[in-house]
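One structure follows; several queries about it will come next.
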Amino acid sequence: MRDMVEIGLGKVARRAYHLDDVSLVPSRRTRDVKDVSTVWQLDAYRFDIPCVAHPSDASMSPATAIELGRLGGLGVLNAEGLWCRYEDPTEILAQLSSCGEDEDLSAATRLLQKVYSEPIRPELITERVKQIRDGGVRVAVRVSPRHTLSLAPVILDAGIDILVIQGTTVSAEHVSTNEEPLNLKEFIADLDLPVIVGGCTSYQTALHLMRTGAAGVIVGVGADRWTTFDNVLGIRLPMATAIADAAAARRDYLDETGGRYVHLIADGGVETSGEIALALACGADAVMLGQPLANAAEAPAGGAWWHSAANHPELPRGWYCPPAEGPRPPLRQVLYGPSDDPYGGINLFGGLRQAMAKCGYSDLKEFQKVELLLRPE
Amino acid sequence: MRDMVEIGLGKVARRAYHLDDVSLVPSRRTRDVKDVSTVWQLDAYRFDIPCVAHPSDASMSPATAIELGRLGGLGVLNAEGLWCRYEDPTEILAQLSSCGEDEDLSAATRLLQKVYSEPIRPELITERVKQIRDGGVRVAVRVSPRHTLSLAPVILDAGIDILVIQGTTVSAEHVSTNEEPLNLKEFIADLDLPVIVGGCTSYQTALHLMRTGAAGVIVGVGADRWTTFDNVLGIRLPMATAIADAAAARRDYLDETGGRYVHLIADGGVETSGEIALALACGADAVMLGQPLANAAEAPAGGAWWHSAANHPELPRGWYCPPAEGPRPPLRQVLYGPSDDPYGGINLFGGLRQAMAKCGYSDLKEFQKVELLLRPE
Amino acid sequence: MRDMVEIGLGKVARRAYHLDDVSLVPSRRTRDVKDVSTVWQLDAYRFDIPCVAHPSDASMSPATAIELGRLGGLGVLNAEGLWCRYEDPTEILAQLSSCGEDEDLSAATRLLQKVYSEPIRPELITERVKQIRDGGVRVAVRVSPRHTLSLAPVILDAGIDILVIQGTTVSAEHVSTNEEPLNLKEFIADLDLPVIVGGCTSYQTALHLMRTGAAGVIVGVGADRWTTFDNVLGIRLPMATAIADAAAARRDYLDETGGRYVHLIADGGVETSGEIALALACGADAVMLGQPLANAAEAPAGGAWWHSAANHPELPRGWYCPPAEGPRPPLRQVLYGPSDDPYGGINLFGGLRQAMAKCGYSDLKEFQKVELLLRPE
Amino acid sequence: MRDMVEIGLGKVARRAYHLDDVSLVPSRRTRDVKDVSTVWQLDAYRFDIPCVAHPSDASMSPATAIELGRLGGLGVLNAEGLWCRYEDPTEILAQLSSCGEDEDLSAATRLLQKVYSEPIRPELITERVKQIRDGGVRVAVRVSPRHTLSLAPVILDAGIDILVIQGTTVSAEHVSTNEEPLNLKEFIADLDLPVIVGGCTSYQTALHLMRTGAAGVIVGVGADRWTTFDNVLGIRLPMATAIADAAAARRDYLDETGGRYVHLIADGGVETSGEIALALACGADAVMLGQPLANAAEAPAGGAWWHSAANHPELPRGWYCPPAEGPRPPLRQVLYGPSDDPYGGINLFGGLRQAMAKCGYSDLKEFQKVELLLRPE
């Protein structure tokens, strides 16, 4: 049953699957959609929907982090993003909302590289955190593993609720002869707030990250239609397999600790209500959404979208996506409808509820047990 | 042989197949096409062709229900459609026949949502049923599970031959804390006319629906090229697998009851004569046709097509398909030819007969035994 | 290893493969291309190349049958084609060479249906056969199973070398209550010339056709990019599997008869030198070529192409392919080069020789043993 | 686990995989990119990067061979290319840099056929070799098996470091009744410089080529998006499988000789940093790059690209690729960045380093052990 394939003499590869390769199978019972709950609880915090924002500057400003929090999700501001590099990044964001219209992707890439070359200003982190806290919602801030030791003190002092340590492919064991690597386990042990860490891409890494004491582990590296990890690094991450593997790690870690449940947040290729349902069905506890939030009327870059890997100074791994034409729905409508988009991009969590009801499940944890089928290759 | 695949550690999915994934294999015998019969008998009713109309307003008006009946098939009027909401829906249908020409799908979706927000008028159901009955054909009316208890009395009083209780993903066990759910088994037991119920999507649900006493079970949810259940709900239904599974349920139920044969009506992705043949070959007794009938010259919406899921007020799951260009063939020609369309969209049942002849089978029940092959992935 | 798949509970399908799914694997030896022979011998007749013409009016006129014969292949005239319906079909062919330019496929289909509705004139068969015989080449004529009893006497009296009885899906056992079916075995036993019969689509049918006494069996139904058997009938015929299955029948029949070797002629989807090589590698002794010959400068319909199934009066199963733009190469160049087309459509048999040399084989029979690989799905 | 498939009765094919079918799986450890080494050592020669130039005239002139050598790779000049046929090919290269702009591929093919019909002039080989040697880099020259006996003396006398004997599908056992074939084993035994030989396509051929005494074996035939071996010859070579098979031969040969390690150079379909990483992960020691080098600012044909098989006089097996629009990066930037191309075509070896770091490996040999996954079919 384990799908190991010999791709050549003595060289094997394991078959892996994307979310779009699987489908939910309704059980023999259906449920009233009004009986379905999408509540997600992480540590002491309760959210109406299992929705964490991907901390891209295209989706998250202090204002949209507040708005998402008010609507029941968890906003995450990037401590290394434009809001923490510029006193007022609105003009830059305006510029970023309209480049690429002549389809010169390289020019957009160069602009991204340029605006992100400005240094991070710690005092701005403090200011942005205060702004979100004043909005009356949970405050979550993202920092990369590389900058955690230097920026974490500022971030923590600013008074946040949840710390997100996120890079593409984070491991619990980073080896370097050049600088002292971050010891995640020690670092987290010293904190008294929940930490979300990732992204990870395998059972082993997920398990190791769980053992650092993290409250949540991000599965996936945010790979979506606009990222090119595949072309640049030869690394592709079929999310259905990645989530299921991490769920196995969660199960084993639960057993090993006699009851510590670490939440899995799926980050990659989740754009529609159908994909949210599939990610949860594969075993995720919540999803990290990027582009769908960047498309909301309130989004900071006017509907444009880019993954943070798109602005790497020497090796960009994503491309700039210009705003779609036509009016953009307010964030509330993106999350809760009503929708006039038959493709599942609006009413994301209404769609999830409907999927759960059709399949016969009334809460998220139970829904992880839904049967799956694999569509023809 | 059972195709269970481990998509991740401890998480399995079953491989499933679409009609287009399989192909008929001619046996070593061929038959004269004149010796082939396509007769289908449901309960006391005999039809020249195994053709049931999908009760969309784009394909079924009282007039087309009559025409289809005269041509040997079974028309089905939607008790919750435009004909039972408006005294005279012709102007609305005319509007619906031409929107979408500027390709603004959202606008078409909004129009659908608007025209279906008008309340259902029970007295119109009575009137429409009378009109079809006066046409001298079998009268079948569709109602959703949700409205069955309220509308069925009106429908039954109006004097119909066959009741169709159809929703997307109907189960024999609907759970609700808000309203008393329909008990299909008790409901059907009280009736003295054949009931067709569905759509169902698995062996379990099919078997449970058979046990409600239904004469026919609809397999599938009408998913076609214009529906987006997949994007919105994460539910995809490969029809070859769904039909074969339901056929296994039919076999087991036949054994369990010592002889009750429940008919399977395949509803989903059946557009060409080739697909009709494949659906029957997988085990269906008849097919439910939507778009191919909506394309006939007599069709109520001038060739436009939409699935009823396309007009959901908050979560539309299908898109409006504008009429194809060029002249549209009369319904008789759609069903029986002659055809000048090499793609199998005209002469649907002449094509079926030819397929049966080439494969060496002379009636529908026998044809269910034809061998299949799976095309390369 | 046998690839049976359960597509649903209790319903299996066998996996089948197209020519384009497989690839030749060069052995550890290479050969000088000058040492490679492509000679094919059918009964008493020797051909320089294993090339039989598909008897479409788009590829075969008396003149092109002669030209192909002179160049080392076997031309086949259709006794039911335009040349045997019209005293002089050149004007009709000219019309057929230019319709479809406005891409109205239905109009082209209707024209095909119209021109083929003219009755067959037996005296023209006699005349066309004489014309080809006078050209000094082997004369082969195609007749359908349905017309064999009525037309064969005329055809045989006209003095041919090889009779081709060909329909789509021919079986050795045609069942009819309306007319006495052709008994192929008795019919062939009475003849003293080699008969090629087909197309067949499975091991069973191939074996049964071999037992009729045929010298050659056609595998496949000529399905190519321009046929739509799939859409219209639900019948798709992956040629790699069909040829290999028929080759197994040939082996078993050879054993059963203590040495009668029946030739397999692959008819379907063979357009390039690469596909010729693959068809032979799967077990064919020769290939039937249609569109590639119709594209030659001498071809009767100016480069247009249609399969005979495209002109069925009630159920067309193929579409008209208008001529490609630009100059068309003479038949000699199509077969033997030189080529300036990197896509394998010119120098068809030079390409075959090169493939045989690269793989290390020097004659056709030996080449059937070449190893294959299956490309990723 | 070995993937043998029965494609028809008694006929099997082995499943094979392309580089794009597999993906790297990061291990649980990550590494600092500064700790990663891409050094490759062939015989006595050390290279900063495992990069060998494909000896096409589109990528390699004496000048670009020098430039590549200076940048840490190995340039290879084609002894049968334009530089050894024309005193000054710059005008021809200019012509070749702009044809095909009107998309007439046949015209480009004919031009290629024409310019390569000029005879090879041995004295030019001597001159070109001198020129490269004067550039202070390692000198490698390519000759085809067919011309090895006649041209090798000139090439060797000119004073080179590495001889590359390369044709499409080279075997250790070429059979001919027309001319005495090259005995590779004897030929190589007589030389005192390292020889690279290939391309080979299977375990058997790789092993036999290793036994000739070659220092390096080329795996693959340079098949890329612009070659058509498939269409013309029916030969397709999935590189992941070919490389892994050759790596198994390398292992077995190492054992059989008690320690002779033959290097594998992957030639085919390697265009991006991701594909370089995948080729090495499958077992290659180095990659042969064609089109990516032809796209550099310094490239001889102004950004145009063609494989040497594209100019075959009678059977071309590749097509001319006109230059991409826009500015072209200098070779240094192609190899080492910085990149503004998110698709992995620039900073090829920076991308490789990053991939190695993310996966947790610090040198090339170790990196061959990285785990792979197979993406869904």
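Every chain is named by a letter (A, B, C and D) in the order it is written, and numbering of its residues begins at 1.
The rule is simple: contacts are C-beta pairs under 8 Å (C-beta built on N, C-alpha and C of every residue); 3 or more make two chains touch, one makes a residue touch a chain.
Small disclaimer: the values here were computed from a predicted structure and weren't measured.
In the contact between chain A and chain B, the residue numbers used by both copies make up under half of all numbers at that interface.
A rotation of 90° superposes the C-alpha trace of chain B on that of chain C, rounded to the nearest 5. Chain A and chain B have CA centres that are 40 Å apart.
Rounded to whole angstrom units, the spacing between the C-alpha centres of chain B and chain D is 56.
Residues of chain B in contact with at least two other chains: 3, 15-17, 21, 241, 377. Viewed as a contact network, the protein chains form a single closed ring in which every chain touches exactly two others. Those chain pairs judged to touch are A-B, A-D, B-C, C-D. Residue ranges on chain C touching chain D, taken from their complex, read 1-3, 15-17, 21-32, 34-35, 203, 240-245, 247-248, 251, 272-278, 281-283, 326, 337-345, 347, 350-351, 354-355, 358-360, 371-377. Contact residues of chain B toward chain A in the complex are 3-18, 21, 105-106, 109-110, 113, 168-179, 181, 201-202, 204-205, 208, 228-238, 241, 310, 313-319, 377.
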